[in-house]
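A short write-up of the structure that comes next.
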Amino acid sequence: MNANIEDMTPDVEAEIARVREEVARLHGELVRYGLVIWTGGNVSGRVPGTDYFVIKPSGVAYDDLAPDNMILCTLDGEVVPGTAGSERSPSSDTAAHAYVYREMPEVGGVVHTHSTYAVAWAARGEEIPCVITGMADEFGGPIPVGPFAVIGDDSIGRGIVETLRGHRSRAVLMQNHGPFTIGANANDAVKAAVMCEDVARSVHLAMQAGPVVPIPQEKIDSLYARYQNVYGQAGDARR
Amino acid sequence: MNANIEDMTPDVEAEIARVREEVARLHGELVRYGLVIWTGGNVSGRVPGTDYFVIKPSGVAYDDLAPDNMILCTLDGEVVPGTAGSERSPSSDTAAHAYVYREMPEVGGVVHTHSTYAVAWAARGEEIPCVITGMADEFGGPIPVGPFAVIGDDSIGRGIVETLRGHRSRAVLMQNHGPFTIGANANDAVKAAVMCEDVARSVHLAMQAGPVVPIPQEKIDSLYARYQNVYGQAGDARR
Amino acid sequence: MNANIEDMTPDVEAEIARVREEVARLHGELVRYGLVIWTGGNVSGRVPGTDYFVIKPSGVAYDDLAPDNMILCTLDGEVVPGTAGSERSPSSDTAAHAYVYREMPEVGGVVHTHSTYAVAWAARGEEIPCVITGMADEFGGPIPVGPFAVIGDDSIGRGIVETLRGHRSRAVLMQNHGPFTIGANANDAVKAAVMCEDVARSVHLAMQAGPVVPIPQEKIDSLYARYQNVYGQAGDARR
Amino acid sequence: MNANIEDMTPDVEAEIARVREEVARLHGELVRYGLVIWTGGNVSGRVPGTDYFVIKPSGVAYDDLAPDNMILCTLDGEVVPGTAGSERSPSSDTAAHAYVYREMPEVGGVVHTHSTYAVAWAARGEEIPCVITGMADEFGGPIPVGPFAVIGDDSIGRGIVETLRGHRSRAVLMQNHGPFTIGANANDAVKAAVMCEDVARSVHLAMQAGPVVPIPQEKIDSLYARYQNVYGQAGDARR
C-alpha cells in the first residue's frame, strides 16, 4: 500500500485533515457519555478513497487529544512516517482496527471501549437480547458476543469480523473484554458505542427485576427496516 | 386547520416565538438530567390559542438545537411550510405528539425519552407502584403501562391517550419502548419526564433489596390533592 | 417571638445576610452531588443568637436561587414580612424545619432531599446498618427510620425529633418519604445529607451481592469518638 | 530524617514544588471520576531523592486545594515546620501513607478513597476476581482484601504493606473500609484508584446477573506482562 506521504495530492491531504479533526473531536463523545476512563478506549476513521485510517495515540489523556496528535496509519496498521503525530505509538488496538478496515470495505469507523454495562455482559459471555424498540431500531436484534481473544496478533480483529459480517448489529461484545463497534464512518461507530452501552444498561436493569416481554421478530424486522431508511434528515451519512 | 403562515397575526407570531424558545431550551433539561443520549428524545409544546405545536427536528444533536430550528406543525402533524426550520423533518415521533394534542385539548406539552429505568420497567411491561410520597405528590398513584405499538401510524398516540385519559399520572410507560409524558405546558411535561425517571430508579432500587412498605390509598389521595393545590408559588402554570 | 424587622440591630442584619448567602450557596452542593432534581429538596440555617432561620422558597429552580430570594422565617415557621424574598412562599417543608429548630436548640441547620438510595431504604422502612468505617466515623452507628408522616401539620417535624433526639446519627430516613438531616449549622447538615446518600448507596450495593461483615460495636464507638474530636482543622465548626 | 527546611538545596526545593503541583492537580482526577465526596479521600506523592512526601490537608474542600496548601511531611508522617501549608493538619490517613513509603521504597504515590463499588466489595471482605481483560492488564489478577484495621496507629499501613508486598495488584480493599492504591508515582497511584473502582463496578454488575466466564491463568499472565511493557508512549513513568 502507498504510505509515501510525498505522493499525496492536496485532495487527499484535505481529506486526512478532515478525518483527523473528526476522530479527535469524537473522542470527546466517549468522555461525555462516560464510556471511557483515563486513557482507555479509542476511535478510528477511514480516510475515504485511500488506504489510510486515522487513530488515537496510545496512552494519551483525553484532554490532550487534538487533530495533530491523531496518528495516520496504513491498512496494515503501520504508522505513516513523517506525518503529524507519527513520533508517537498508535493505540494498542490498532491491529484490530486495521484488520476490520481490510476485511470490511464498507466500514468507515471503528470504536473500542470498556464501557461498564457492555463489559458486564461480555464477562458473562452473554449476548444482549433485543427487548426494547430503541435497540430494534439501532441494532436490528441482539448484540452478539465475539470469541475470547488476546491482543498481540490478528485474533481480536478476526473475532470482530467473523461475528459482525452479515450481522445487523454494528456492535460486538468481545468475551471477557468489551465492546467494539463499527459504522459507515467514525461518527456512526461512536453512535453505535453510545447506544450499545445504553441498551446494555437498560436491558441489564430490566432483567434484574423480573422477566422481560419479548418483541415479536417481525416487529423487530420492521422497526429496523424503518429506522435505517426514514430516521433523521435526508442526506445524513447515517440517519 | 389553518396552516397558512401569511394569515398569522403578530400576536400569534409572538406566541410561536415564545414556544420555540421554551421548547428549544427545555431539551437542555433532558440532557441535564441524563434522560437522553445522542439525538434521541423529544419535547413539543402547543402554541396556546392556535392549532399549532412546536417540536424538535429529527436526528439533530442536542448541542445544535435552537429556537429557529424547532419545527412548527399543525395538529395533523404536518410541517407548516415557509416557517423557520421547515426545511427539516420533524421528530419521528411527531405523529404521536399530534394525536395527543388533537385528543386531549387540556394537554399543552408532550415529552418522549428512552430514560434508563423507565425503559427497564417498560421492557417488563410492569407499572411502577406508588410507594414513595414524592410519587404520590406528583403522579397520584402508579405510573401505568401502555400497549406495545410501533411507529408508523396512530397506534402510539392512541395508546398514550387511552392509557392517560382520566388517569392521574402524566406519565405512561409504552411497553418495550419507553416513557411518554404530558403536561399543562412543555415545562410541566418535562418535569413529569424528570420525575418519572427518578421514581422509576428509586422504586427499582427499593424493590431489589426486599419488600417495600405500601402507602395507604387515602394517604396517596391526600398527598396528591395537596400537591396539586398548594405547592410552589401562586401564579405558576403548574405549581 | 420577635418578628419585627425594624427592631433588628446591624449585627443581626449582618448575621442574617451571612446565613442567606450560606444557605443559597449550599443548595448548589445538593445539585453537585446529585441529591435533588427540579425544585425538590431544601436547606435551612438558623440565624445564631436569634429566633429566625433562613430557608429556600417553594418551587423555585436551583439555577435561580440567590441570597435575596431565600426566605427569613420565625421559629414558628412564619415568613418575616418586609424582608427580602418575603413575597414568596417558603419551602413546603418549612413547618418540619421550624419544629426541629424549636425542639432541638443545638441544631443550626436542616436539610431534606429525596436522594435516590436513601429513598430506596425509606420505601422499605429499613435502617441502614453500620458496616463501613466511614459510616461509623460520620454517623456512629445505623441510620434510623422515622415514622410515616404526611405534610400538613407537625407530624413530620415530630417524627424527626423523636427519632434523632439522643441518637448519634444526624440523618433519619422518614418512611416512604426520604432523608432529613440535621447539623451544628447548615454546612454540617448538608454534609450529613451527602454522606447519608453515599452510605445508602455503598451499603445497598454491598448487600446486593452477599453477606456483609459486621463491625464490632466497640470499634464503631472508637471510630465515632475519634472522628468527632480529631478530624479536620482546629477551629472548624464541625471538623 | 532530615526535616530541616533550611538545609534544602534549590534542586530539592524545585522537586518539592513539582510534587506539590502534581499532588494538588491529581486530587481533581478523584473528583472527575466520582471517587470522592466532600473532603474525603487523599493523594500523596513521594519527593524523589528525599525523605519527604507531599499530602492533602485534612478536611479541606476539593475546590480549595492548591500546591501551596499541600503539606510536606517526613517519612515518619511529621509535618515539616515552616513549609507552605504547615500551619494545617495533614490528612488523617497520613500515618498510613508514611508507613507505606517507609516500607516500600519502590512506591512513589499512595491514594485512598471511599469509592462506592470498591467499598461495597470491602464491606463483604470479598476480593474482586479477575474476569475482564482490562483488569488482567492493570492488576494482573484479583484485587485482594486487607485486614480490618482502625485509624490511630500503624495498623492500616501495616495491613496495606502486608497485602500488597509481592502482589501484582497496586490496589487493596481494606475490609469494611475502602481501597488504598500505590504506584510508581502519584499519577500512577491515582490511575490505579480510578481503574480499581471501574473494575469493582463492572465485575459487580457482571456477577449480579449470572455466572462470569473465568479467564485462564496463563492468559492473565500474558496480558499483564504485555501491558507492563508495551502500552503507552516510550518514556512514560508508567506506561
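In order of appearance the chains are A, B, C and D, and numbering begins at 1 in each one.
Convention: contacts are C-beta pairs under 8 Å (C-beta built on N, C-alpha and C of every residue); 3 or more make two chains touch, one makes a residue touch a chain.
Just so we're clear, the structure is a prediction, and the values are computed from it rather than from any experiment.
Chemist: Along touching chains only, what is the step distance from subunit A to subunit C?
Modeler: When the steps are counted carefully, the minimum from subunit A to subunit C is 2.
Chemist: Over half shared or under half: which fits the residue numbers at the contact of copies subunit A and subunit D, same or different?
Modeler: Different: fewer than half of the residue numbers at the subunit A-subunit D interface appear in both copies.
Chemist: Distance-wise, how many Å sit between the C-alpha centres of subunit B and subunit D, to the nearest whole number?
Modeler: Computed value for the inter-centroid distance: 46 Å.
Chemist: Could you work out how far the Cα centre of subunit B sits from that of subunit C, in whole Å?
Modeler: Centre separation, subunit B to subunit C: 33 Å.
Chemist: Which residue numbers or ranges of subunit C touch two or more of the other chains?
Modeler: 208
Chemist: Can you list the subunit C residues touching subunit D in their complex?
Modeler: The contact residues of subunit C facing subunit D are 33, 131-134, 191, 194-195, 198, 201-203, 205-206, 208-213, 215, 219, 222-223, 226, 230-234, 236, 239.
Chemist: Once bound in the complex, which stretches of subunit B touch subunit A?
Modeler: 37-40, 57-60, 88-89, 92, 114, 116-117, 119-126, 148, 150-152, 175-178, 204, 207-208
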